[in-house]
Structure formats: C-alpha cells, structure tokens
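Per-chain residue numbering starts at 1, and chain names A, B, C and D are given in the order in which the chains are listed.
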Amino acid sequence: MSLKPCAHRVAYYETDQMGIVHHSNYIRWFEEARDDVVRDYGIDYRQIEAQGVLMPVVHVSCDYKRAAKYGDQVSIYAFPRFFNGIRLRYEYEVRGEDDTLIVTGNSEHCFIDAVTRKPVNLKKRMPEYCETLSRLVEQVNGGKE
Amino acid sequence: MSLKPCAHRVAYYETDQMGIVHHSNYIRWFEEARDDVVRDYGIDYRQIEAQGVLMPVVHVSCDYKRAAKYGDQVSIYAFPRFFNGIRLRYEYEVRGEDDTLIVTGNSEHCFIDAVTRKPVNLKKRMPEYCETLSRLVEQVNGGKE
Amino acid sequence: MSLKPCAHRVAYYETDQMGIVHHSNYIRWFEEARDDVVRDYGIDYRQIEAQGVLMPVVHVSCDYKRAAKYGDQVSIYAFPRFFNGIRLRYEYEVRGEDDTLIVTGNSEHCFIDAVTRKPVNLKKRMPEYCETLSRLVEQVNGGKE
Amino acid sequence: MSLKPCAHRVAYYETDQMGIVHHSNYIRWFEEARDDVVRDYGIDYRQIEAQGVLMPVVHVSCDYKRAAKYGDQVSIYAFPRFFNGIRLRYEYEVRGEDDTLIVTGNSEHCFIDAVTRKPVNLKKRMPEYCETLSRLVEQVNGGKE
C-alpha cells in the first residue's frame, strides 16, 4: 500500500547557522506526517483528545543521511507499523524533490487518560478508532491474512 | 529600581542560516524574562494557572538593533510598566555581554478564565497577587506618588 | 489586487499548554507567508542570498485577536506595502477557516551584504528584482499602471 | 568522573497542549548540554566552526520515561562516550529536581569541512582539541591514567 506523504516546504526559521535544517525539526515533521496519514484515513487526532485520551511519545529515533535546506519541498512518509491498543509504532522517511532519502526515523507512542495520566487500552476506550488504525497498519505492512 | 535580568546563553538551535539568532526567538526570551522577574518577587506563574487563570498575549512588538549570536551570554530585562487588573504591559531590553543594546520590545497581556475563556478581573480573583504585582510596577516606574 | 494566502495547517508542536498556538509562532508564519507571496511572483529568496544579500528583520509587531488551535487550517496573508531599495515593509493577516481574523501584524526589513554586514541599496545590487518587487507593492496598494 | 550537568528552567514556550514539554525540545536540550560539557573543559564549539569545521548530527535517539513540565528546573547530563577523530558519540540523561530520570538519549556526530562539506579527520585538522576531547571521553568512561 502506498501512503500519500506529507508535503512540507522548508521554512527559513527551520534552518540553523550550519545552513541546513536543524536536526530537531525532523522530529517535528514526523509529528506532522503521522497526523496527516491518519487524517487521510478519516481519523482526526483532535477527536481522540476530545475523548480524554492523550498519545505521548515514549521513544523517538532519527538517522540523518543528507541535509534538507531552506526552500526545499520535502515529502515526509509516516508508516504506522505496529498497533495493539497499548502501543503504536511509526517508521518515517523524509525525501527530497528528486526522491533522495534525507532522513529515516521511528517513534513509539502509548495512550494515557488526560485526567488520571494512567495508561489506557484504546481497544476498550475507542474500539472503532482501533479497528481503523489496525486496518491501516495491516495495509501498510502489505498484510494479507 | 533595578531589576535582575534573566541570563540566557544563546543555543545553536536558536540560530538561522543568516548566522544570527532567528528573530522569533527574542519573543520567546521575553517570556522567559517576565517569568523570572515575577518569580524573583515571589510570584510563580504556575500558581496563577493552578487557580484557573490564563494570561494570553494580546500584543507583542520587537525592534532589532543588533544581532545576538550563538554562544553569546545575553541579559533579558523585563520591566512591568502597567497593570490594572485587566491589562498588564511589559517593556523589554536584551543586552549583550558588554551591555550593548540588542533588541527592545514590549508586550501586552490580558487575563482569562481557563474554562470559560472569558476576561477576568484579577483584582477580584487574586487580590494578593495583584497587590504584589502593582507594587512591583510602581517600583519599576520609579514610583513615588 | 488579491494575493493568494499561504496555507498552513497548525501542528501540535506549535501549541502550548494554554491549548492554543504559542504566540511566537505567528512571527514564524509571517516569514512563511512573505516567502510564498514573492515566490508566486517569481522571486526566490534563495537567489537573493545566493547573490550575497541578507534581509534581516528590523521590526516586527503582532496583535492577537483570537487564538488558532491545533489542526486548524489557517490562511496567512502577507502584503508588501512599502519598498524603496533600502527598506521593505509587510503587513499580515492570519485568518481561520471561516475567514475570521486571528492576528494582524507587520514587519520591516533592511538589506545587508552577507560578508561585510553593511547596508546595501538593492536598487543598485539587484535592479531586476527591485523592479519586480516595486511592481508587486504597487499592485498590492491598489496602484494602477 | 562526575560531570556538571547543564541547568535548564523549562520555559512556557517549550510546552505543548498536553501540558508537558514537547518531545522535540529534549533533542534541543541535548545540544545545550553537549555545548556546556566541553565548554567547562575549555573547548568552545565556536572555535571549531571558526576553523571551518562543522559537526552535524548523524543519529539521535530519545527515550521518554516521565514528562518535564513548565517551570521545572531540570539537569541535563551529556556524557561523551566515544571519539576517534571521525565520530563522536554522546549519551544523555535529563533529571528532575529530585533527581528522577525524565529522559535518556544519545547522539552521534561526524565532522565535515564547512566549505567542501566533505568528512574531516579532526585528529589531523585540530590535534590539540582532539587531545582534550579524548581525555574527557576517557575520564567519563572511568578511565585511569
């Protein structure tokens, strides 16, 4: 399954004095891309928060192959790879205009209650959303069972 | 009255490809400095939010005289100039190691209820805090009446 | 003349714990929008830097009417209002999906040599670019040829 | 060897609408801390750039145990663990006021020429700096002379 990447024009404020995008910004772009990929699939993260569930990041990792520069039109691919109601794992690729690989990365997320800040099993709390997300993960993984 | 400035070492991530601090960061430094100046005076902004009051920015302005650079040790002065329970106005100066003026600026704030998002008269809601803040403004303004 | 606004989806990382966009980000959005408006007109700011000219901000100001929120699709309008080869002035409007005014602002820029960091008269250094920019300003101001 | 941590007061602009520090900021704090740790040891990263050498990040990783909050006074520990003139590896710990572990992380860096952007062996380019850095790594790793 080919997911539509998130399109991002590199802003001047994202550069540093090395003349390239500051490395912390890719972590932010990952966030943009995972919002987009589920939105394309009918899931709005705002609705999850509206139901009192937060999705904090528990791990993030990024490998820098090349540098994006000011004005570049980059494509951020977010692949949801694993989801079991407790944990969600994404893999990322940022690519340049000529499809060159700029960075790869991944992130892991858990689900907590906005008030108690205790872990939540999303399968109990938001079964419909879980269904959709599981199906998306399956498709991304090329999954036929 | 001479207020203690907020000390800030310019971080690499605050620069842009012009080789200087990106202009948006001074707006963030103003925030650090106004937190510090009241903290020195016994007011913790966290306590204000804990009582259900938010202090959004309604205006901000900044004039750039010189550029701060990576590694610079700058001093951010926040002068609370006006406060009437409804509005709060700060003026700022950012100065370099040799006291050179880098930027000047000002900001205006109102007070709203965290839940209703409606304006709040802080004199009614937090009279003690208002007393302290008014005294601070008076002193900053050199105040004798 | 009606300029095409810059489209921006509010990212999660642009919010603060007040639950709204942190006020410093609008200053960054202004930058995105002034890049876009000249790009639509055939001017790429990268070419200006490639010719050894930088365009630092000398003043910025912002008035906050309402708050943009995570997930909002906002439109950022940048109107180049004044340009004489030495100074360039922009005015901005950020509007919500229903066209509600969220913030207004303005910024002023000068031009300096990337090496000497001395002021540059762009009319001498980049006459063609100046021609284009002047024409854009004229049109924005309702000018008729 | 016990290194002095970098002290950082969490700013309001570092929070997001989850009410905690946005996860991308820890990556920025790591940068502050690695600047500090070598500065304490007499190495100023500005001097490295002044000699035409840049130190881009090639990998970064972060594990989030707890959340830092607005107003928290955190300590950021940067441990230089490996250095061979080509690669430099840091490990990090961010700790709260009561020494609770908030995040752990690591980063890897290479060295490139600022003009050619080609890899540089720092042992040839800046032997004295390499000596100092190697000694620091040795001490951090418990090395005895």
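General observations
Note that a residue touches a chain if its C-beta (ideal position, glycine included) is under 8 Å from a C-beta of that chain, and two chains touch if they have at least 3 such contacts.
Just so we're clear, the structure is a prediction, and the values are computed from it rather than from any experiment.
Path length between chain B and chain D in the touching-chain graph (shortest route): 1.
Relative to the C-alpha centre of chain C, the farthest chain centre belongs to D.
The interface with the greater number of C-beta contacts, when A-D is set against C-D, is A-D. The geometric centre of chain C is 35 Å away from that of chain D, both derived from CA atoms. Our note on geometry: chain A versus chain D, Cα centroid distance of 25 Å, whole angstroms. Contact of a single residue of chain D with at least two other chains is seen at positions 12-13, 17-18, 20, 24, 28, 31, 70.
By the touch criterion given at the top, residues 17-18, 20, 23-25, 27-28, 31, 49, 54, 56-64, 67 of chain B touch chain C in their complex.
Against chain A, the residues of chain C that register as touching in their complex are 9, 11-13, 28, 31-32, 35, 44-46, 70-71. Of all the residues in chain B, the ones that touch chain A in their complex are 12-13, 15-20, 22, 24, 70.
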